[in-house]
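Next come two complexes built around chain A: one with chain B, the other with chain C.
This part shows the complex of A and B:
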């Protein structure tokens, strides 16, 4: 087998590749060196290691935290469908054009402004303590229920803005094409505008959902024992912060695969529907 | 006198302070091909969009088979079901395959079953030499292919009138021919066509009536022989001279 001699361009590109590999390797080693060598040289490293990186405490707390995390996942899972539906309704209302719908449009604008203008935590306190205070019977006085409602109402406002941006991003000519075929306003929205809008906003949407996954832990502040609360209990019991680290690890176990999968889905969809990619 | 398929009576359209259409009247008889020509910004696209009720008509009447469809409260979907439209930039739905682009309205507006809609779509794709593209997405096709697919989508609805809004303006010159061939074919089967166009040779050779639009008014209309052979209006002559000077006729 004969080996083709490399052209000048190939030689140049090979040199370029080597150069960038070298730079990447050097900078990575430098950072690792700084972290591994310098941090342990800090004056109170030993105490930090004891209270944050205690292997025994980690092993002890981990199963308990994982168990408590199930509640976080449950709150997340039942909140998301309500958030998406409510957010879509708000976004569609805000994008409506009929003059008759002005009151609804005004309400939708006020809703997103007010919900987004107050910290999530404050809504959880206000709704989570306020509504059960009305004295309704079980299960209607559950802080878990009203904490979830607070999450749904606040997150729906954020997600509605994401959807609205997506709807605005679909060119008017798409609507014109749909209407020219005789599709009604609602049909154009459902089959032409929304599918494109939602595809466009999947990355910011996932961003909001990852945020929600973390903010679910705020519900612990009005009572339910979920992972953050459980980690606090363990911390106090053993006077050690390692449970917090374990909780962080559990959050990452869920959020990282979630974001990676989304990116993969987006890339697959892009490859399926688009032409060639520019370099 | 037989009633025209479509009659425009004194149609006016304003965008704010700008008058885009200024009392346009036009009769389009069934089976004829009408070319609307004129300088950019003369109101050609707006005129077509008014016929399809995509634009609100400020003044005047639009008659379809003698019935006024421009009265307030008239369901525009009924008009659009009978009048198809093809756009300059194709406006195919990018998230759907070509087949789904065509079957969407067949199923949702005409109520055809999936199988019946796909049968009709495949028939048209074959007719427009796109059979191998039915599962392609718009972004994977050339401009000429996309525009032929867009025409197929409009024709699939079996409209009584087809509006073509500068359908070759966005195409590379060598792709214009394949799209115009499709329009010629539709003419031979008797489709009523109204087209806004800059393709003067096509307007001259393939239409029954040519209307010259300038600043929102039809300044002259007649057979291609009259308009291109012996234009009466000075502005028509100027317009045609500019077209000839730029090598487009």
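This part shows the complex of A and C:
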């Protein structure tokens, strides 16, 4: 097999690519150098390092934090399916067209407006302490249960808006075509509109998931000790902020792959739908 | 320009007036053989040691809870800690006009860093760990940990720590009470933790937890006033934990004012003022059964 000689254009593009890589590498190493060399020269760096970057405290807290993080993951894992289903229902309701369904649409609008307009914190307190306070017995008054319900209700409102944007983004002609092929209203939603809508909104959905993953920590306000609370307990005990740094590191272990995947999905979608990239 | 000159004149005349008055009054105090300086602005010991010259800045909780501070208004001097603060201030030679209050959260005041108060009091137990970041005065109160729960719950009637193992506990984060749960009681279920006692009380009322661990006076107050049906199930003996629960005033690390305040506290203990304040604002300690270890 003979290797095709590169055209002039390909040669030029390769040179351009190499040049960009070189510039990026140079600017990155310059910044890293500045950070690594200059910060330790600051006058109070020693004290900051003692209270934020204390290796001993890091090692001591890390296993406890990891143990507490399991709770974050659990809350996250069982909340997400409920959020997605509820959000989809709300979005579909808001996009319904039958005049008879007006009350449901009005309810869906009020729901998204109110849930998004009030801080998550308040919902957690209100639902987490308020509902069990009505007189339930264990295990039904669990703060884990009602804290998760508060998260599901608020996040479903955000995610519903994302789904609605996706549904609105599918051109009306798609629906018209589906109906003219004899599909019912529900069928065209199910087989034509939603598949396109959901594919479009996966990147913004991932964004909401990353945000949820951090807000899970708010459930600790009503009792359960998850990673941020555990970090706070350790911080108070040893008057050292390193446990928060350790908690951040654990969070990043999960969020970075998640955000990278999101970017990759966005990039794939862009390649699929648009032309050649302009340099 | 003209306005500036006028204000300059006003300021300088005020300054002169202030000098004049302090001269006369220091004469009279000197005659009386008193170390206090003019106009209740501190004594010899406190000079140049307070955060703001001639003013004692005292920190407390946000909000401050009863029975320590009545009605979240420490400036009224009502409640045990508000009264102690003013007694210390008086002993240091500050009159009420020269005491100012600031608020910090519980956690904030015992963290490293610059302080915006001369001393802070909100039931800080003196511990070795905290001594690394802040300085403490001598103790102004000694108490025990106690547990509060509903009279009709599984917590009621506990006689020893063994009876408490199966309970779900709650406490405020950063407190010695939380440490007491994990180090001394060691319950089977992990305790729930809250930002403040308000959270713990809400959880107790929602029956999400069986009992709260707090200091004894707070326990009495919660049971008597705040939660209907709650009782002080018991108090733990003073030697239950490695460090006894002694409350100290919190200062910035190595603040020279500590020595002045310790002298003041010693006087207040000696002349019975501290005991009087205690009996005025706090319940009798013997009112709760003792839980054995």
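As a working rule, the second predicted complex is superposed on the first by the 240 of 279 C-alpha atoms of A that agree within 3 Å, B and C clash if a C-alpha of one lies under 4 Å from a C-alpha of the other, contacts with A are read in each partner's own complex, and residues count from 1 in each chain.
Please note the rule applied: contacts are C-beta pairs under 8 Å (C-beta built on N, C-alpha and C of every residue); 3 or more make two chains touch, one makes a residue touch a chain.
Everything numeric here is computed off the predicted structure, so don't read it as measured data.
Trainee: Determine, under the contact definition given at the top, whether A:192 touches first (chain B), second (chain C), both, or neither.
Mentor: first
Trainee: Based on the superposed arrangement, let me know which partner A:132 touches: chain B (first), chain C (second), both, or neither?
Mentor: So A:132 only meets chain C here.
Trainee: Touch test for A:233: chain B only (first), chain C only (second), both, or neither?
Mentor: Only chain C is touched by A:233; chain B is not.
Trainee: Counting only touches as set out at the top, which of chain B and chain C does A:173 meet: first, second, both, neither?
Mentor: first
Trainee: Let me test your reading of the model: by the given contact rule, A:5 touches which partner, first (chain B), second (chain C), both or neither?
Mentor: In the superposition, A:5 contacts neither chain B nor chain C.
Trainee: For A:181, using the defined touch cut-off, is the partner it touches chain B, chain C, both, or neither? Pick first, second, both or neither.
Mentor: Once the two structures are laid over each other on A, A:181 reaches chain B alone.
Trainee: Which partner chains sit in contact with A:43 here, chain B, chain C, both or neither? Use first/second/both/neither.
Mentor: The answer is neither, since A:43 touches no partner chain.
Trainee: After overlaying the two complexes on chain A, where does the chain B footprint on chain A coincide with the chain C footprint?
Mentor: none
Trainee: Using the touch rule from the top, collect the residues of chain A that touch chain C in their complex.
Mentor: So the residues of chain A in touch with chain C come to 47, 51, 129, 132-133, 136-138, 141-143, 220-225, 229, 232-233, 235-239.
Trainee: For the complex, which residues does chain B have touching chain A?
Mentor: Chain B reaches chain A through residues 49, 52, 54, 76-77, 80-81, 84-85, 87, 89, 91-95, 104-105, 108-109, 137, 139-140, 150, 153-154, 157.
Trainee: Provide the residue numbers of chain C that touch chain A in the complex, in ascending order.
Mentor: Contacts found on chain C: 107, 110-112, 129-130, 132-133, 170, 173-174, 178-179, 190-195, 199, 202-203, 205-209.
Trainee: Can you check the complex and tell me which residues of chain A touch chain B?
Mentor: Chain A residues touching chain B: 173-174, 176-184, 187, 191-192, 195-196, 199, 272-275.
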